[in-house]
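First chain written, first letter: the chains are A, B and C, and each begins at residue 1.
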Amino acid sequence: MFEKTITELSAALRAGEFSSVELTQAYLDRIKQFDGDLNSYITVDAEGALATAAEADKRIQAGETGPLIGIPIAQKDIFCTDGVKTSCGSRMLDNFIAPYDATVITRMKQAGMVMLGKTNMDEFAMGSSNETSWYGPVKNPWDLERVPGGSSGGSAASVAARLAVASTGTDTGGSIRQPAALCGITGLKPTYGRISRFGMIAFASSLDQAGTMTRSAEDSALLLQAMAGFDPADSTSADEPVPDYSATLNDDLTGLKIGLPKEYFGEGLDPEMEKTINAAVDEYKKMGAEVVEISLPNTHLAVPTYYVVAPAECSSNLSRFDGVRFGHRCEDPKDLEDLYKRSRGEGFGDEVKRRILMGAYVLSAGYYDAYYLQAQKIRHLISDDFTRAFKEVDVIMGPTTPDAPFKLGEKASDPVSMYLSDIYTIAVNLAGLPGVSIPVEPVNGLPAGLQIIGNYFAEAKLLNVAHRYQQQTDWHRAIPEGYDV
Amino acid sequence: MQWEIVIGLEVHAQLATKSKIFSGAATTFGAEPNSQACSVDLGLPGVLPVLNREVVTMAVQFGRAIEAELGYRSVFARKNYFYPDLPKGYQISQFELPIVGRGDVDIELDDGTIKRVGVTRAHLEEDAGKSLHEEFQDCTGVDLNRAGTPLLEIVSEPDMRSAKEAVAYARKIHQIVQYLGICDGNMQEGSFRCDANVSVRPMGQEALGTRAEVKNLNSFRFLEKAINYEVERQIDVIDGGGKVKQETRLYDAGKNETRSMRSKEEANDYRYFPDPDLLPVEFDEAFVAEVTKDLPEMPDAKRVRLIEQYGLKVTEAVTLISCRTLADYYEAAAESAGDAKLAANWVLGDLLGALNKSCLKIETSPVTPVMLGGMIQRIVDNTISGKIAKQVFEAMWAGEGDADAIIEAKGLKQITDSGAIEKIVDEVIAANPNQAEQFRAGKEKMLGFFVGQVMKQSKGKANPQQVNELLRSKLAPS
Amino acid sequence: MSLERSDVEKIAHLARLAIDEDKVESYAADLSKILGLVEQMDAIDTEGVVPMAHPLHMSQRLRADEVTETDQREKYQRNAPQVESGLYLVPKVIE
């Protein structure tokens, strides 16, 4: 049951091999069994899940054939879920019961999916290791001493450990792709605007994008199909047609032009990681793809630019958490200023505070031009690098992360070294492009990810390219030891 | 020392939309607290703003009305600060690229000269909620119904040199937004608010003095009084060897004074930056043409036309155009009456008087323009006299029907039958031989006495002109 | 660029964040380090480059002026720390 893809599960549900209630219960049991160590869920909604599953069973019996009906999924705790606690990994929202559904949640409900619960994450999605969560770190199922990556660490770990069929994530600077790589699963961050941001708690509005965290590109295509599309409630939602993502999965890759940015293979990349990435690229050559070296000359500026733009937006986005209308409020505030300062001081953790301070600083009088405006201009240069590259190639490939999962606590005391673990993913968010990370041959027994970057709205192409690799290899089927039962 | 007063105004006009600027919540005034504050207005986690088309339309209409440059590409920015009535911790406003750029309005001064006042810009923004300080002992209550109501902030150049000029400018803006129908102009409900930037400088000095921003001016009268108070205060400060502080001051109408606002004491660093949840607002000439094709006539043009078309005096025209509905009423009444001058007299006289007395607005006048026009027709065709007309007007006001019905019912039709009038005239002369004698002896004033008597006898219905003529001929020395 | 204690205190006040007295120095050190990273941008000539606020080249979509929301006060205020008579309460503010 835990080996099956969504397509297989869907067929089994329709064939009556088991019901959605049985499937859901099995996953709930597994969560009970394994999540004590992993800590991948913040909230498990067994009651809600079983009720939805029972409804799904009725829909299936009534002849509905949607591929996602009755499939259990885990939602990142950044998506508002009506009536269910939505914490965003923060003490600030520990008491927050969302009064509405995010558009992503609404769409998945309509598709008949069963929400098992809400997954752990770095606080307000700020982190690359899941260590900033108020609810404690998530462990990497491949090695419990290591981090699962972040910020969608709970989503990645739950899928890797088979505690959910699939999960959702959000990606502001690599928060889907990096944990997907570190946990050995398939993580897709679509084009900015492809999936509605409504009801998704904002970190950095011009960078945030929801996506899928699945065991395969094939599953991702099904999930994306349900999530993607225009939403009138989000001004930044793209009114672009949504293609049939599953229809082109098997397209032939002969003549596919792959660009390898020389900047992604330089200093800082673990040589073992380089080897496994080259091996994956060789697999594509065997499938008839053509590989060329390209240059993205402003790559080194992506992290600095990001750490101006993202904190600036977050410092403003997080102002609404003030202890007045919802969320944490300090005890006995002596006046309004005390209410604000202590509620926020107590409600937010260190990393969130660092970013709020950084953001307030770069926007403050006298610094705006040197930092924020300069960052926005360089963002343009970074984006132009990709525009030029996509005139030559169909997709860009490289490592998702510079190295394999690091140990818990290893980078926690040094924010800058933590930030640099997103060095290959961040530029993609700045440009707003889609990217997917797929598992490749492990490095020293630990998961590694190949990042494939596509042009705007080229998700179908990315999934096609990812899927063909997964037809040739089995890395995406690997299950961490101890969870293969 | 001779001081020159320098005033610039920031006018916040609440745009008359059904829903809020970034959400689908209603904007109705006076609803239960927080019953019209939706998730977007409350700034709940994850919600996003979507711009109301109507506010763009209205801003463009305003821009065109003052012949301003239009921002074909404008950008919403966040103004960051913490306050309980500001749910998101930032106000969505426009900063570097406003939707309306530089324009001008002309104001008329007391001496009849026209002064041009520059409008620096007008930009769209969301209103904040309301803090209620009086309801609770140790707490302030926050009602966010008003949060997200669309505002057009109209910023003037520091072109005004007296409180009177400032009021004339404010009235002019008030007039324009009401003519356009983009703001209801209700100052009590806060739909039209003024903040005044006031400073003084020695006459002849180029550099501007330090200004204070005066808030809470919810009537034109308070605007004038607050500025006058503030000017005196600043001069006193300087005369006393002090310096005027750049600060925000609140006008207290009860005490007629301004005082420093504690909540605004600290110098703000608003950290403006483009709102990443919203995209640049872009429109083209075609959009502008579409939304301005049915633009109503603006007050200045209307004044010129009323004078030309109806032969009105300037003062009459100025009063009539002060409010678009009044001007519309007048034109409808004039058309129906067929006598524009007479219609102007009646509208500016009895009608406005009656409205004032009963605290009614022109829109809710019980006497419609057609009713008033119908009555005037009866004056023109000599069915009734002007004096009787007053009686008819009162009856119409009381809801007794239109003029013809009232004239008929009350038998107020003027007597124009010369035989009938002659009979009354004869009777009156016969009954007052002494007075007749005095008149004949040259006491011209006595004619008035006879007219009065005849009118009394005829219950006011005799045609005054005929009465006059008959009396003169009958009383003439034989 | 390195941040002083007083800089951290100033921006912490702007952002209405209480920072533990004994942590101010470490925030100053961390932020200085991040600024060090960010300062790589200084060397880049961006003369004439248009700032990019947004990844997609779209303009703002306009919504019809219609009331689509209903009163959800009760539901929304269930999350509120302190309400009375439908109002959100905060410590007394003096204007």
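Going forward, a contact is a pair of C-beta atoms (placed from the backbone, for glycine too) under 8 Å apart; a residue touches a chain by one contact, two chains touch by 3 or more.
Here the structure is a predicted model, which is why all the values come from computation and not from measurement.
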Most distant chain from chain C by Cα centroid: B
Maximum inter-chain contact count - chain pair: A-C
Whole-Å gap between the CA centroids of chain A and chain B: 57
Geometric centre distance via CA averages, chain C-chain A, whole Å: 23
Averaged-CA centre spacing for the pair chain C and chain B, given as whole angstrom: 41
Per-residue overlap in chain B, given as positions that touch at least 2 other chains: 39, 42, 44, 50-51, 82, 84, 140, 142, 269, 271, 276, 278-279
Multi-partner residues of chain C (each touching 2 or more other chains): 14, 16, 53-54, 56, 58, 60-61, 63, 72, 76, 82, 88, 90-93
Residue list for chain A, restricted to those that touch at least two other chains: 96, 99, 206, 232, 235-236, 315, 319, 322, 324-326, 336, 340, 360, 364
Chain C-touching residues of chain B, taken from the complex the two chains share: 17-19, 23-26, 32-39, 42, 44, 50-54, 56, 73, 75-76, 82, 84, 131-133, 135-136, 138-144, 250, 261-263, 269, 271, 274, 276, 278-282
Contacting residues of chain A [partner chain B, same complex]: 79-80, 86, 88, 93, 96, 98-100, 102, 197-202, 204-206, 232-236, 312-313, 315-316, 318-322, 324-326, 336, 340, 360, 363-365, 368, 372
Interface residues, chain C side, partner chain A - complex: 3, 7-8, 11-12, 14-20, 23, 27, 30-31, 33-42, 44, 46, 49-56, 58, 60-61, 63, 72, 75-76, 78-82, 88, 90-93
Residue ranges of chain B touching chain A (in the complex, touch as defined): 39, 42-51, 78, 80, 82, 84, 87-90, 140, 142, 269, 271-273, 276-279
Footprint of chain B on chain C - complex, ascending: 14, 16, 53-54, 56, 58-69, 71-73, 76-77, 82, 84-95
